[in-house]
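Next, two complexes with chain A in common: one pairs it with chain B, the other with chain C.
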Partner chain A sequence: MTMATMNDALAGAHGKGHKLGRDLAGLAVILGLAVVGYLLFPNNLALLTRMTAIALLVLSLDLVTGYCGVATLGHAALFGTGAYASGIAAVHFGITDPLLMLACGILGGAVAGLVCGVVILRAHGLPQLVLTIALIHLFHEFANKASSWTGGSDGLAGIAPDPLLGHFEFDLWGRTAYVLGIILLAVVFALLRLVVRSPFGMLCRGVKEDPIRIRAMGASPKLALMKMYVISGAVAGAGGALNAISTQVVGLDSLSFTLSAESLVMLVLGGTGSLFGALTGTIVFMFFEDIVSAANPFHWLTMVGALLIAVVLFAPKGLYGTLAGLAARRREARR
Partner chain B sequence: MSAIFEVRNLKRSFGGLAVTNDVSLAMAPGDRIALIGPNGAGKTTFVNLVTGNLTPDSGDVLIGGESVTRIDAIGRVRRGLVRSFQVTRLFQEMTPAEHVALAVLQRDGRAGRMFGHFLAMPEVMAEVAELLGKLGLSELMHRRVSKIAYGQQRLLEIAVALALKPKVLLLDEPAAGVPQSDTGRIEQALADLPADLAVLMIEHDMDLVFRFARRVIVLAAGTIIFDGSPSEVTKDARVREAYLGSYANAGHAA
Partner chain C sequence: MQTVFSIAVDALAYGMVLFVISIGLSVTMGLMRVVNLAHGAFAMIGGYIASYAARDLGLGYGFAVLLAVFGTIVIAVPIERLLYRRIYGAPELTQVLMTIGITFCIIGIANYAFGPTLKTVPLPLALQGSVDLGFRSIATHRIFAIACGLAVAAALWYLIEKTAFGVKLRAAVDNAAMAAALGVRTEIVYAVSFAVAVGLAALGGVVGAELLPVEPYYALRYMVTFLVVVSVGGAGSIPGALAACLVLGGIDTAGRYLVPEFGEFFFYLAVIAIVCVFPRGLAGRAGQ
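The block that comes next holds the complex of A and B.
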C-alpha cells in the first residue's frame, strides 16, 4: 500500500466511525424526544402518536423525493392504503392483533407503492407531478365509492385492536399506542439509515443526479426507483397502520391531496435528502400547527404560509439542512 | 481474428442532415484505434448510436457477434461495451471513491445491495484505491466532485469507465480539458489495460493519437474517409482536404 492509499483507508475508517456515531445519536435523539414529549404532554399523547405516524409518511416521501428526485403531490396514497389495509383487516377479517395489523398496513403500502411507482415513473418532470395528483384523487375516489369496505365518507370505524403482545391494552390515554409508535419509528429510522448508505442508496443518489450516467454504468434507473417506491410504500403504510391502530378509525382524509401536500411542505420545511430533515420538518410543522391553530384558529394557515415562505427564502435547504450546513462549515473552518 | 465489436451501415440524420452516413467498421480484441475528424464530423453521434444513447435510422450494431441493435444502452454496457463522455457526466454531490465504488459494485451485480457500506468492503476499496491512484486522484478520493478541478473530473470520467472492466471501450476525447501535465496519466492508464481489450479513442491531440493508435479512422461529414495505419494518415489527400476544408470553414465563420 502506498502512503496515499493508507491515508485514504484511514480517512474511510474514520468516516465510518463518524457515521455510526450519527446513527446512534439519531436514535438517542428520537428516544430522548419521545421521553420529553411524554413528560411534557402526558395528556396529549394522541397528538404525539399522530406526529409519529406522519413522521413515517414524511420519511417515506423523503426516500422518493429527497433521495431519488421524484416530486410527488400524491404520497398520502401510500399512507392511506396502509391505514385502510390494516383497518379493513381488523374490521372485515378479524385480524385484530396489532402487530399483524401493522404487517397488513406495511404490505398494503408496499403494494400501493408498486402501483403508484409503475404509473408515476412512466413520466418525468411536470407530467409526472400531474400524474401523482391524478393518482391521489383516484385513490380517494375509489375509497369513497367502495364504502361497504371503507365506510366511505363516514370513515372506517369499529377497529378494536387486541392488547399489544397480549399484555398491553390500548388504553384511553394512548400510552400503548405512543410506545408502539416510537419503537416503530426508531426501528424504521435505523433500517432506513442502513438503506440510504448502502450501495443501493448510493445508486439512488446517482439516479437523482444523472440517470444517463447510471445507464452508462449498466444499471437501470427505473428498477432502482421502483424498488425505492416499494420501500417507501412499506414505510408510509406502517405510518398509516399506526394511525389506524391508535385512533381506531380510518377516514378519507388519510388518503387526501391535502395530506399529500402537507407532507411535502413538512419535508421541505425540514430539508429534503436527509432523514433528520424529514423528522425535524414533521415535528416543527405539527407543533406549529397545534399551537398556532389553538391560539388563532382564523389565521393559523396564514402563519403556516408565512413560516414556509420564510424558510424557503432564507433557509432553502430546510431547517435541518441549513443548520447542518452551518455546522459543517464551522467544523471545516476550525480545521 | 473475429470481431468483438462491429457496426454495419449505420445511418442517422438530424433534420435532413446525414450526421452518420453509412458507417461500417469492425474491431478485434486488442485493437487500439483512434477516431479523428474535424469538429462536427459526427464522432460523438457515432458513439451515441452504437452505445444506444441514440437510435439509428438504419444499420446494425454487434457485440461479440450478437446483434444489439434492439437492445438498450444498459444491455450493451452489460455485454461489455463501455463509453466515456466528451462532456463529463459525473455526480456533483458524490466523491470519486463513491463513483468508482458504484461502478465496481454495479459491474459485480451488487449495486442493489441494501445494507453495508462500500468503505467497509475491502475488495471494493482495494480496486477503488488502485484505480484512483493510477489516475492521480488518491488525494481527492473523499472530496465532492463539485469541489475538484475540471481536469481531474475528466480523469475520474475515465476511471469510472475502466472500473466497469469493458471488453470494448469507447473514449470520447478523454484528454480534452486535462492539463498537459496530466495527460501522461491517461496514457499510462491506457497502456496498463488488458491486452485483449478493444479501445477506440476519439482525440484531437495528434501527438496522443500517434503514440496510442495502431489504426486511425478519419470521419468527415458522417462518412469514413480513411481507415489505415497512423503513418499513412497524414499523407492521405482526402484527409488533408477534409481538415483544410473544416479550418477554412471555421475561419470563415469567425
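The block that comes next holds the complex of A and C.
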C-alpha cells in the first residue's frame, strides 16, 4: 500500500473537512515558504524561481510515477517541450504576453504528454524505462537538429516577455517572475489536489495497484493512464514555460536526460505518491545541490550520491513519506 | 564498397565491446532482477585501473587487463554485500535511486582521484597498426576486440550450458525460491555471477577503451547505452544480448558514418521501434 493511499485512508476517517483542511494547510505552507524564501534570499530569487519551475516538473512526474506507477527517466521531454513552445511562440510568432506564453507552454506540454504516453504505455517494466530514455534522447536530438526554430545548442535567446497584466515589468531582480511562479505553483497544487482525489485520480491509483482488476471492473487502464499523461504534460509544460519566461532563454539542457534523472531523484527523495512529497524532495534536493556545489564543486556529485544511498537505506519511503509515517504512528500511539 | 566494409568492421568491433560489457548486466538483471545503473561505473573502474597499471606503473598490457578485472571485482564485491543485497526484490524505483547514487559516488571519487581528463590505455606493439587481409586492411585492435567478444560469448555459453554451475544459475534465473528449496545455494550463485559480471564489465572497459574513452562521466554517458542493449536483447539471454549488440552497434555506427549530424537519433529511433515490436526484448520469454 502506498503512502498516499494510506494518508487518504487516514484522512477519510476524519471526513471531508479534514481533507479540505489539509489542502488549505498545504497552500498556506507553500505561500509561507515563498515569503520566507523571499525574505531570506532577496538576491537569489532566480534560484527560487527555478526551484518553483522544477517543482512543477516533479509534481507532474509524481502524477505518472507516484499515482500511476509508470517509472520514467524521460519526463523532462514534457518540461522542455513546454519551455520551447512558449519560447518559440515569443520569438517566432511575437506572442510576448506572459500569460499567453504560459498557455502555449501548457498546450505544448500536453501535446508532448500525449505523444510520450502513446509510445511509453506500449511496454511495461524495464522496456518501458528504456523507452522513456530513448524518447528523451530523441526529443533532445530533434531540438538540436531543428536549430532554425530552437537555436540548437546555442539555446533559444531573445525571449522578451511583456509586463505581466500590462503593469508588472520583469525586473532584473526577478521579483515579478518569482511572484508569478509562486501563484502558478499554488494554483496548480490546488487543482492537482482535486484531480488526485477525484474518482479519476482513484482510478489511476487502482491501475497502479492492480490493472487486471481495473479492467475486470470495466474501466480501461490505458485510457486512464493516457489522460493522466496529458494532465502531467500540461503541468510540466507550465513549469517549462515559467522557466522560459523567468530566464528569457531556453537551452537544450531543459530536454536532457540529466534533468529527467534529477527530477526522478527529487521525487523519490521526497516520497512518491504524494504531492507534498514531490515538493519536499524538490526543495531539499535543490538546496542541497546549491549549498554543496558552492561549498565544494569537486565533491558535490559524491555527496549527492551518498545522500541517495542514505535515503534508500534509512528512509525508503522518501523524506516526507517517512516523516508522515512517523507522525501517523505517534498519533496512533496517543489514541 | 570501402565505406561499407569499414562500417561493417567498426560496427562489429563496437557491437562486441558493447556485448562484453553488457552481458554481465544482462545476466545479473535476469538473475537478481536488479536494475543496475552502476554497471557502467564498474567498466570505468576497470579502464582506470588498466590505465594506471599500464601507463603509470609500466606493466604489460596482458597484466594490466588481469589487474583491471580482479581489481574491479575486489572493489565491487564489498559493494554488493553492503548495498546491493538490501535492494534485491525492492521496487524498481528504489533500485534506480540506489544504483544512480552509487554511480554518482564512483564518478565523484574517480574525478577526485584521477582528474577530469581522458585516460588512455596504451596498446602493446602487437595490437597497434593494421592487418592486411589481401584486399583490405583492418586495425589490429578492432580484430582483438571482435575476438574478445567471440571468446566471451563462447566461454559464457560453455559455462551456462555445460557446467554444474550453469545448471544452478539457470535454475535460479527461472525460479530462485524453488532453486533454493532444492538445495541450490542461491546466495553463492548470486555472488559468483555478480563477480563474473563485474569482471566482464572491467574487461570490456579496458578492451573498449579505444572506442569508449575512459573519463569520469563514462559511467553516466554509457550507462544508458548498456541498459538499452540489455533491455532490447531481453534480460538474462545471451543470444538476445548478442543480437541486440550487433544490431544496435551496426545502426549506431552506420548512423555516425553516413549522417553524423544526427548524432544518436537513429540509435534511439531503432530502440523505440524494436521495443514496440518486441515488448519483452528480442529473446524475451513470456511471463517475465
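Definition applied: the second predicted complex is superposed on the first by the 321 of 335 C-alpha atoms of A that agree within 3 Å, B and C clash if a C-alpha of one lies under 4 Å from a C-alpha of the other, contacts with A are read in each partner's own complex, and residues count from 1 in each chain.
Keep in mind that, in the parts below, a residue touches a chain if its C-beta (ideal position, glycine included) is under 8 Å from a C-beta of that chain, and two chains touch if they have at least 3 such contacts.
None of these values were measured; they are calculated from a predicted model.
May I ask you to decide whether A:T65 touches chain B, chain C, both, or neither, giving the answer as first, second, both or neither?
second
Which partner does A:A294 reach: the first (chain B), the second (chain C), both, or neither?
A:A294: touches no partner chain.
According to the stated criteria, A:R215 is in contact with first (chain B), second (chain C), both, or neither; which is it?
In the superposed model, A:R215 contacts chain B only, not chain C.
Would you sort A:L194 into first (chain B), second (chain C), both or neither based on which partner it touches?
first
With both complexes superposed on chain A, which partner does A:L129 reach: first (chain B), second (chain C), both or neither?
Only chain C; A:L129 stays clear of chain B.
In the overlaid three-chain picture, which partner chain does A:L40 touch, first (chain B) or second (chain C), both, or neither?
neither
So in the superposed three-chain picture, is A:A333 touching just chain B, just chain C, both, or none of them (first/second/both/neither)?
After superposing on A, A:A333 lies clear of both chain B and chain C.
Quick one: in the complex, what on chain B touches chain A?
Touch list, chain B to chain A: 51, 53, 72-74, 77-78, 82-83, 85, 89-94, 97-98, 101-103, 105-107, 110-120, 125, 129-130, 133, 138-139, 141-142, 160, 164.
Can you check the complex and tell me which residues of chain C touch chain A?
29, 35, 83, 86-87, 90, 92-94, 96-98, 100-109, 111-112, 220, 224, 227-228, 230-232, 235, 261-265, 268-269, 271-272, 275-276, 279-281
Which residues of chain A touch chain C once you look at their complex with the stated criterion?
Residues of chain A touching chain C: 65, 71, 73, 119, 122-127, 129-131, 133-135, 137-138, 141-142, 144-145, 257-258, 261, 264-265, 268-269, 272, 298-309, 311-313, 316.
Which residues of chain A touch chain B in their complex?
Interface residues on the chain A side: 1-2, 4-5, 7-9, 11-13, 15-16, 19, 194-195, 197-203, 205-206, 209-210, 212-213, 215-220, 223-224, 227.
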